[in-house]
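Okay, structure first, notes after.
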């Protein structure tokens, strides 16, 4: 079944909901089967629906990062892990660091159980990272900025300017490095790099002044300062939100704190803060040009992610074993409900619209245009 | 529509006012041209229209500037966005977003225009400026002319009644300039928008102008009036007007068409004379030889099969569209790139193999954006550094600079210099090492007539010293004045190579105004004509 | 005293009829430079930053078998990953409110772009973090508010460009923001002393940055049940010892060279960068007096609007305009 | 190029998860079951774990059935497996650090004098004992008490588990001497079951235990008296959410058959599911790599 809609970019919000939900799913299990499932599902969807934009090529590096995380966890376990009695694989000669290095003792016998445990923990973290990687390689940053709340408009504009200008800055630095040769200086090496920084910076700063003038002339920043009464309301909300969040944090950190102080107050605080953002965005007469629509594909994508989360939560509620014991080593079983949910998260690979092929010139042409 | 009422303006910390007692009115629906030397305060004047001066720049403004009935003293520039649209000198520097469509919509988002209206206006402007096929393109991939048109569109969508442009065509090749000017005249005629344009290249704009504001600078009073009358008395005039003066026509012709009508008699007077032959030293030794040069970026081929010889003492003009490969050829000549195929030899050496220190002795390049040559925070420091780089005798560069443009304050920041002064500084840095081959990329962009004249004399003296000069340029008048040879590039190939006169005169695009007026005769510059006429004067 | 307050544009009341008494004259401002820090804003900044500290250092405060101890539940610690971006948003909105005018935004965007571009080749790999090269002088010249926002934006932009939006991003943003902020709080020295001060600060900042981010990553990287992983409720000293061991064994090797690089670069290129920034803050005319006067012999229709700021107020602070 | 490297990484990641799955699959399975009537060759050990937090009912009472002569450490491990909680961790010296990953600090606090004190409640009252779980072997009916003592003396005076040892002790303990003939002890088993249940009070017995496919209940009582096992099963699972097991048994007249068939089906099902999952993972991963290669 191919995408019904024409080629367009999916609403970034949808992708993020999908990815975060999958990450939350991954956090609820150490079952290598489920984690593996999530990983491949994410990878498959990315391979099916990513663009060719520079940021969309980042998934590979997230994969590498995942491997590194797992390795780190295992190595730490081998070096620093507390010795749990189990089937010993091999033994590392044990050393004790000097006291200024906290007198940690390294090495000792390494057991299969400990390794498997560490690897599972690492795999979980790696999969969570993969979910983030998927989101950031599936969404165009420009689109994300368009979805920013109105209170962050200024910051959003600054970021847009930066995103637009960064490639030009790189080209400029290349030209400057060429220019060093024109002045008879070495054109490679660290000194060249440092030397090229200055003219680029100068040019950039000049440009910023020109840009500011043009923005000013084009009606930027008519927002002005917020009127006092709304100002008070906003500050009140922010204060309230911060306090609630602080209480929530305390609840998380102190076991003896009543449970009400934990998630509820956290959520309440978050809501208050968000509300303050929304309100401070109000009363600014500003409009969006062709905002991203939220149509059925968006629903499908976000819901499919949430399905995975729901699946694993229900499975846990039904008492399925999501963290198989490693001592003694037991066979992780396929938890049908959870697996089904995770597989549901594959839907975007077919139901999300194909991204448009964007006109992104080679840097070379850019150079020609710029030169 | 625009009313300056006894306006004077002083920049913060400046001793003398930049504008003194400016007092004029531009009626609705006129295209008004602002002319004047660099630094005479044209830009200040333009920015005063929507209040960027003084609100953005700071400083003291006396008198009142009124636009569409609103005084800039009462309303900040951003509140005037729907009355005045201002397009700066470098359109690319003013872009906020990355896509054409978003850029067009940006101003309306700020003004809070209703979405459906926004959509409609964007479509209108896309059609009005012929941008519809570019709507989904990243701005960075547009050509100069397209960028300029997008920049105009980006202010037009707010529906302003006044449009202010600062040198819209000075960075463009003739074709692109035509695009932009056509768009402008269309705005004036169809929508009755009042347009205020500052432009150095009068020859391009003056024929469209309904009136001219002449800013003499140095506090002299500003003159406004009918183009013909103003230009009669102004110091900066297009070649065609000069010709008119020489030939003693009145009223002075502003367009080639008028001139040709008036020129029949002049052509007869010039019958007996033949234009002087190109004074190229045909047998200077070959400084640079390019043979079968191929180059490209990834898949796109920038140069294919270039063969070129440059001899000592000749000035070669490199012409052609943007992206025709001019810059690429220059960067090969100076050894910034290694040829993919074929070879480049300057004085027998391959420049890209030479170490930087020895390259600068045989070939020097002044890039288009000469700012990239300047690292230091004072002119003096630049000169000293240049001496050190080329291990020259201390003060060499400074001496060269003084010969080119005397009296630049050594303490001033290179980026605060005027275009002409900066070019001179960059050129001095390059010339310090006395290269046999001097390359210039678009040297005349942003130069006014005076600065151009100085540039021309610089180039002539260089040629006289026996250096070879290759300059990539769009400026046909400069080519006509100084170039011995013209080479036209198109899509990475040489389509014409020969004496400047033969190449330039017969091309519809590259022909200078005088040639257009006096065709089929092959006169190119007013100087030639006036010399000829002077000799007739002796004749009788 | 207002850096940009009286540059005209920013403090301009949006309704034209009001002659421009600056809109917030009553509030004394605790900041200077491109972005003014009003009292409320700085208070909020303080509170939010305090929470940020908790978000970074919760392993040190957690009590035994509390919700966050990783042995029990997987996702409680991740709540902080959600919290921090929210805090950042709130701070941004508060700082931006009526303060981020065109000049500040353009400068922010361009500088952030430069920072990100510097970062692109190295990808911000440990041992080489060029962001500080620009961030520290910028915070120094353009004020702490600007420094804070710039720090956050730079890392955000470079993450967007490289598609590296991970859970660590908000924490990186917070860390860099603090560096920019404190760079704006340094004492006003001049000349050689200033450069040295910046270099020292840069080194310290680089070390602190590495330490803070490590502190966040610690529980996830080291898990529990090892002699370098965090121990809920075992007390600060105990945990610090473990963390120190972790930091030492994992990342100090990268942080030290980074600190050295930063210090050296600032020593070498500090002066020109400061110069460039000061020049632009002069050209952008942060905090220069704007004044209109009726021409002496003009009988224009509307009552002449006097808009002159008294000089002492509009005299910009050294940070804003050198 | 990039894509292909990404593909390789994907493969590595997938294979890591596969490897883990296989490795864990290699592991043995632990036994579980209620403290029903005694079984020949098996020892029923009541393990009381009290971390000292919350109220007395916070203590976790579990009945673990292990082969006779099992070492204490294995008993704890089996218990952990049965409850699905984390593995007990030990210091290098063999000193017990944490049960059910409490304290989370593992062995970090041992220096401060806080430790898991061990008591033997086999004779109905708690006796402080200092035994090495790696050495001592258990007998049927043993009651092991573990109490986490904060900054204790490390001597007999330290706090005891807050549960009456007598109430949790199986009345029909054979001790270390094995009888030759199976006795009839319905009431005892029943009451033991009930006490366990009440002491467990819902918070303790892991709901997943009955449906835990990884523990095919090989030791399901081959008991002469179904009612006993019924009541006991009901007793144990009463507090727990998943009473399905008991219910099912009530429904089906024949206990042995039902439970056995169930056990077998579960045992095979786990292998089945795992295999299925692995296949899916391989397919999807391969597809992803293929796509990204083709794109590059």
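Chains here go by letter, A, B, C and D, matching the order in which they are written, and residues are numbered from 1 within each.
We take it that contacts are C-beta pairs under 8 Å (C-beta built on N, C-alpha and C of every residue); 3 or more make two chains touch, one makes a residue touch a chain.
From a predicted model like this one, the values you see are computed outputs, not experimental measurements.
> Measuring between mean CA coordinates, which chain is farthest from subunit D?
Max centre-to-centre separation from subunit D belongs to B.
> Across all chain pairs, which one has the most C-beta contacts?
Of all chain pairs, the one joined by the most C-beta contacts is A-C.
> Just by CA atoms, which chain is the most central one?
Per-chain C-alpha centroids ranked by distance to the global centroid put A first.
> Quick one: report the Å distance separating subunit B from subunit D, using the average Cα coordinate of each chain.
85
> From the mean C-alpha coordinate of subunit A to that of subunit D, what's the distance rounded to whole Å?
Those two chain centres are 38 Å apart.
> So what's the Cα centroid distance for subunit A and subunit C, whole Å?
21
> Round to the nearest whole Å and give the separation of the Cα centres of subunit A and subunit B.
47
> Taking each residue of subunit A in turn, which ones touch at least two of the other chains?
Those would be 57, 59, 82, 84, 157, 160-161, 163-164, 167-168, 198, 202, 206-207, 211-213, 215-216, 220-222, 255.
> Where in subunit B do residues touch two or more of the other chains?
In subunit B, the residues touching two or more other chains are 55-56, 77-79.
> So which stretches of subunit C touch two or more other chains?
As it turns out, subunit C has residues touching two or more other chains at 9, 12, 14, 64-65, 102-103, 225, 227, 233, 242, 272, 276, 279.
> Which part of subunit B faces subunit C closely enough to touch in the complex?
So the residues of subunit B in touch with subunit C come to 5-8, 12, 21, 54-64, 71, 73-79, 376-377, 413.
> State the interface residues of subunit B toward subunit A in the complex, per the touch definition above.
Those in contact with subunit A are residues 47, 50, 52, 55-56, 77-82, 84-90, 93-99, 101-102, 105-115, 118-119, 122, 136-143, 154-155, 158, 296-300, 302, 322-323, 327-328, 331, 334-336, 356-357, 359-360, 364-365, 367-369, 371-375, 385-386, 389-390, 415, 429-430, 433, 441.
> In the complex formed with subunit C, which residues of subunit A make contact?
24, 27-28, 54-59, 61-62, 65, 69, 72-73, 76-77, 80-82, 84, 97, 101-105, 118, 121, 124-125, 128-129, 132-133, 135-137, 141, 144, 149, 151-155, 157-170, 173, 194, 197-198, 200-202, 204-209, 211-213, 215-216, 220-226, 235, 238-239, 241-242, 245-246, 248-249, 251-256, 262-263, 266, 270, 273-274, 276-277, 280-281
> Which of the residues in subunit C end up touching subunit B in this complex?
Touching subunit B: residues 7-9, 12, 14, 16-17, 102-103, 272, 275-276, 279, 285, 288-298, 300, 302, 304-305, 307 of subunit C.
> Residues of subunit C touching subunit A in their complex?
Listed in rising order, the residues of subunit C that touch subunit A are 9-14, 23-24, 40, 44, 47-48, 51, 54-55, 58, 61-68, 74-76, 78-80, 82-83, 86-87, 89-90, 92-94, 96-98, 100-103, 105-114, 116-118, 120, 133-134, 149, 153-154, 156-157, 159-167, 220-223, 225-229, 233, 241-242, 244-245, 248-250, 265, 268-269, 272-273, 276-277, 279-280, 283-284.
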